[in-house]
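Just below sit the structures, each encoded as structure tokens.
The following pair of complexes shares a single chain, subunit A, combined with subunit B in the former and subunit C in the latter.
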Partner chain A sequence: MGRYLLGRLALAIPTLIVVSVVVFVLQKLLPGDAATLMTADADLSAADLARIRAELGLDRSWPAQYLVWMWGVIQGDLGTSLNTKLPVLDVILDKLPVTFQLATMAILISIGVGVPLGVIAALRRGSAADYAVNFAGLSGLSIPPFWFGIMLILAFSVELNWFPASGYVSPFEDLGASLWTMLLPAIVLASENIAILMRHTRSAMLGVLKQDYVRTARAKGVFERLVVVRHALRNALIPVITLGAIEFGRLLGGAVLTEQVFTIPGFGKLLVDGVFTRDYPIVQGVVLVAACCYIALNFLADAAYAGVNPRIRAR
Partner chain B sequence: MRRLALAAAFLAFAAPGFTPQAVAQPAQNTLRIGLTADPDVLDPALGRTLVGRMVFASLCDTLVDYNEKLEFVPRLAQSWEWSNDGRALTLRIRSGAVFHDGTPVDAAAVKASLDRARTMPQSLRRSELAPIAETVVVDPGTLRLELRSPFVPLLAQLADRGGMIVNAKPSEAAGTEFGRQPICAGPYRFAERVAQDRIVLQRFDRHWERDQYHFERVVYLPIPDATVRLANVQAGSVDMVERILPTDLPNARRDRRLKLADAVELGWNSIIINTNNGPKANNALKDKRVREALELSIDREILNRAAHAGEFVVGNQPFAPGNPYFASELRAQPRNVARARELLRAAGTPSPAFTLLVPNDTERNAVAQILQQMAREAGFDIRLQVVDFATSITMSQNGDFEAYLLSWSGRVDPDGNMHTFFHCQGSQNDSKFCDPRIDAALDRARTLSDVAERRKLYAEATAVLHDERPRIFTYHRKWFFAYSGRLTDFTANPDGMIRVRGLRWQQ
Partner chain C sequence: MTGIPAAAAVSPRAPGALARLLRHPGAAIGGGIALFFVLIAILAPVLAPYDPMAVDWMALRSPPSAAHWFGTDEIGRDVLSRTIWGSRASLLAGLASIALALAVGVPLGLAAGYFGGWFDALAMRVVDGMLAIPLLVLAIAMAATLGPSLGNAMIAIGLSVCPVFVRLARAQTLAAMAEEYVEAARAMGYSHLRVALRHVLPNTVPALLVQATLGIATAIITESSLSFLGLGQQPPAPSWGSSLNTAKNFIVQAPWMSLWPGLAICLAVFGFNLLGDGLRDTLDPRDKD
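After this line comes the complex of A and B, so read on.
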């Protein structure tokens, strides 16, 4: 088990290198660069542009640019944003807690709502409750987050004035206000995942409830609640944990639309703006950090299987 | 089980531990402004965005400024004087102005700042300030700018980022990182920046005009979505926002909590046609008659109504109606589909096809589709190629386009709306359209200070553009601002900037 996990860790480094190379090349394939954008609002001669490109290091060959960046990364320097001249590492460290908080709240809401709904739907299969849960779940999945977010803002911020319309408050400044401000965006983000988790929990539960050990437990006279929670749900949770970890990783990579609507200064907006303004160091930095999060979460999910399933623990 | 489900529902919808609290009202002395995007670097020499200029308006004083009638007014330069030959501009520097670190702003400091902007390798102001040959300190309160040749538009450059005075000593040490902690001489000093979240400025109590600034803090918050921006000012989460969409105006006008202000922009919107830039200049619009037919197929009023709820201003020139340089004698041709068809037949191409390059945003997407439909009635077959903004600029510069939807934010001096786009040597003349008559008029207008004379020359150049049509001007946007009903004394300026001077809460 330990060796298995160590092996997974060792695989992380080549993965990160491949990811950074691919992202670097993809960015370079986009037409234009940061210097091009400067001409949109300033009168620059060709000589001006050439000089600016040289200053920014954009005149070097692709491999040279990549290696300069990589050399910095190894030394813990993610470079400087071409657009704002702020250190990329500082910018990312500013966003990381924001994105982490949003993703955590969203995933907790998704699990807290999605898993119980899935269980209910499985236990009452074919009933009105099952259909109602499915309908609600699919609606959540189908509503565009952009629209849903704006509707929530109009209802709860503009009309009722319960929530601030957007923005971000650090939990270290004011925990209550922080959670409160982040609640609407977390609900929007969760609306999609609730359905996914619900569907998976439902089908996993249906599979497990047919198993012999469940029938045996019932035959022994174990309380139905214990059968469901201890025997069935625990086994059904394995695929759900994987899925939860993947979804959480996806959320950590940034939730562009939701962040945009609620003006949350997270990863998604940073990344998209970075791509559109050809701010290579920002994009490279964000992707690297997001990939690290993703790998770490997958690793944790592997470890968590062991927690819920003794068969894996023994391996 | 039921308990679990209930708890989950409670968690999701009731947020345990918190009762709905009214949105926190900020301290009376803070002004929160919602911007359309996060500004770029806060260094006037390197800044390239309009939203960046919004922040500079409070952070960095310029040498001169202009009011909503576009008349120049003093800032750090208390007065100025052109030499008779137009080759020297003498500035009297205001006494008592100091930088945010306490250093006095004198002629030597202004010289150092201008020299920095003129010579720093990455500076975007080098071309703008290139007419300056030398900066000469006459005495501590007087600076003379000696020019290579007469260049009247310089004053306008000094009212923009080119004339924002920074303390050059610390800026030299900081290099391009100066923008992390800018030291200017504006009414507000830099306090804090969290990328894509907020920029906080703190009132500078030693500013020479401190009594005109009534807020202790100004906070700039990027809110990219226009509808959300409006919702924020409606909900009281911010006090003022810029650029409300025309389609959101009815909603904003109904809201009694809000006040609105607007101004017609300095800039223009146009279709530029590749007449001379590389192989793609060999397109269906090569024939001047086809370009005329294209213009005749367009109804600018309908375009304005369909794409902008009739709230913008139709235009056929590089200057909006109302601008001192607008030539009212140059009228737009009304739509005439029959005549357009006739012209196309005469040109031997009854159904010309071309590709229109469109930067991807809601406004220009809508405009492009409406143009496509209107031109179709005259026989045109327009293919739309929608790409992201940076890509579109690159393609345009490389001549990789047949026609392109291009907007310009505009400049207070007419030269900034024309020279770089229409002069043969203009760095943004992506059509590479070249006409000696235009060059002569534009070059001469740079040397004159009389508005009437200049206006005549710009009208001459515009008349050539009207005849040759390397570009078809379509409309001018309006800047719409929405702000809390409790704010008073705001004036919208055609440059779209928010000047905090004089702005205050209603007593």
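After this line comes the complex of A and C, so read on.
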């Protein structure tokens, strides 16, 4: 298992390098460079600009600049925000817990709703319930999250006045209010994942129910409910839980729209605000951190999968 | 008269596949919805009751009525007409970005699978790296770099979803390479290009067609997301996403402004998803339950 995980870890390094190159190239493709962006307000001569470029190392070749930038990133230096002059990493670490709370609530909702519905659909394959679940699943994949958010605000905040329409309350100030304020956004963020988990649970269950050990258990006369829970569901859940971990990584990125609609001051809103205030170091930092979260969660998913699956553990 | 049997002999499976597709309820309904939106986009000038840009200061945010079935927006433009015209931006973005993703991704995936070696290893690491960045985050970063416009949004979406097609084309190529007829074609001394294009490529088509159809659904949602954020179609040009961006500010006063463009996105995306699932059931025997 150790060798397996080391192999997985070794694969993550080239992936991270590619991500960093993509982020670096995006930065280089921008009109203007860091020197012109930093001094956009000041009226400088060409000689002053050249001097600043030399100070920033912008007169060097792209590969050299990449290595210098990458060396900083490894040490945790993601640059400085052009607007607030704060270190990018600090700004991101400040916003990440907000999105983390949102994504955690969303993944719990996705698993809590998606897995049971997927199991029901698989057990009653071809029934009306199965079709209803499939229809709901496809609908979940088809609703744009920002529009779903607007509709929920219209129904539950404007009409019924049950939830605040926007904002954020820290769980350390008032846990109840924090969870309540975050509930609608978490449902919106979960909508696509409920559908994904539901579809995967259904097909995993159908696969497992065909296995010999399920037939053996039934032949032994084990109660159907025990067959379903102990023999089938436990095995079907392995790939589903792994998927859940990967989906959690995607949720951090998917929170962009949800946070925009509900004006939640998180990681995703930081990205959009960074785009519109032309704060490119922030944009790059968010892309980089989002990818790192995804890669880390993928690795954790692999580790968890290896932990529960003896066939991989033995390697 | 002899032309028809000859054509049938060349591709004996084609009519059967289409017939199976039409008998598949999901594929038929999904295809119908997709066709419906294509027709609306093409016939927009004929179907729209008003000019989508025409401002009517006498009818600001008026609720749905006989004159304006879907109501009017904040400067009195007809929501029905703007929803009809908005289908053009969404469908164009869906089709163009997936065409770009296919044009870039399929040759790369085909070459990676066919030649293997260092090129394959490099291509796969790049694909892994790009897939590690959440689709919308990558699309936002690219669209922001290129500058906000519908054309740039299409490029950003196309390049962001491209890795999926590289990976799929490669996997399908590897599967086809194991087939005996590919080996036979190589043994007969055909050039690499001929074997790759005439013998391997056709076998990647069904899986790519399924993925492309589902990809159109993803691209439509992503385009509307970018336009909603202000990074796609720029106002006042009609688009479902940018209409919703304005409409969310009038959610209390004029909820109908949010309702129709959103329902249009849902239905269009649902149609392409349903069609893609149906295509998978009829074309792709591997994924059967």
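Going forward, the second predicted complex is superposed on the first by the 257 of 315 C-alpha atoms of A that agree within 3 Å, B and C clash if a C-alpha of one lies under 4 Å from a C-alpha of the other, contacts with A are read in each partner's own complex, and residues count from 1 in each chain.
In this section, a contact is a pair of C-beta atoms (placed from the backbone, for glycine too) under 8 Å apart; a residue touches a chain by one contact, two chains touch by 3 or more.
Note that the coordinates shown come from a computational prediction; the quantities given were computed from them, not determined experimentally.
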### Task
Considering only the touch criterion stated at the top, classify A:T15 as touching first (subunit B), second (subunit C), both, or neither.
second
### Query
Does the superposition put A:G7 against subunit B (first), subunit C (second), both, or neither?
neither
### Task
Report for A:V287: first if it touches subunit B alone, second if subunit C alone, otherwise both or neither.
second
#### Entry: Which superposed partner A:L30 touches (first subunit B, second subunit C, both, neither)
both
### Task
Please indicate which partner A:W162 is in contact with in the superposed arrangement: first for subunit B, second for subunit C, both, or neither.
first
### Message
Just to be sure I read the superposition right, which of the two partners does A:I153 touch: subunit B = first, subunit C = second, or both, or neither?
### Response
both
### Query
In the superposed arrangement, does A:G126 touch subunit B (first), subunit C (second), both or neither?
neither
### Task
Pick one for A:G76: touches subunit B only (first), subunit C only (second), both, or neither.
neither
### Message
For the overlaid complexes, name the partner, subunit B or subunit C, with more touching residues on subunit A.
### Response
B
### Partner chain(s) touched by A:G221 [first = subunit B, second = subunit C, both, neither]
neither
### Contacts on subunit A seen with subunit B and repeated with subunit C across the two complexes
30-31, 150, 153-154, 158, 260-261, 276
## Note on the structure
In the complex, subunit B touches subunit A at residues 1, 4-5, 7-9, 11-12, 15, 17-18, 20-24, 37-41, 43, 46, 48-50, 121-122, 124-128, 176-177, 179-180, 193-197, 221-225, 227-228, 231-232, 234-237, 388-391, 393-395, 397, 409, 416, 420, 427-428
### Task
Report the residues of subunit A in contact with subunit B in the complex, numbered from low to high.
30-33, 36-46, 48, 51-52, 54-56, 80-81, 83-86, 91, 94-95, 108-109, 112-113, 116-117, 119-120, 123, 150, 153-154, 157-158, 160-168, 176-177, 179-180, 183, 187, 190, 225, 228-229, 260-263, 265, 269-270, 273, 276-278
## Note on the structure
Contacts from subunit C onto subunit A in the complex sit at residues 125-126, 128-130, 132-138, 140-142, 144-147, 217, 221, 224-225, 228-231, 241, 244, 247-248, 251-252, 255, 258-259, 261-262, 265-266, 269-270, 273-274, 277, 289
### Summary
Seen from subunit A, its contact residues with subunit C in the complex are 11, 14-19, 21-23, 26, 29-31, 125, 138-139, 141-147, 150-151, 153-154, 158, 203, 206-207, 249-250, 252-254, 256-257, 260-261, 271-272, 275-276, 283-284, 286-287, 290-291, 294-295, 298
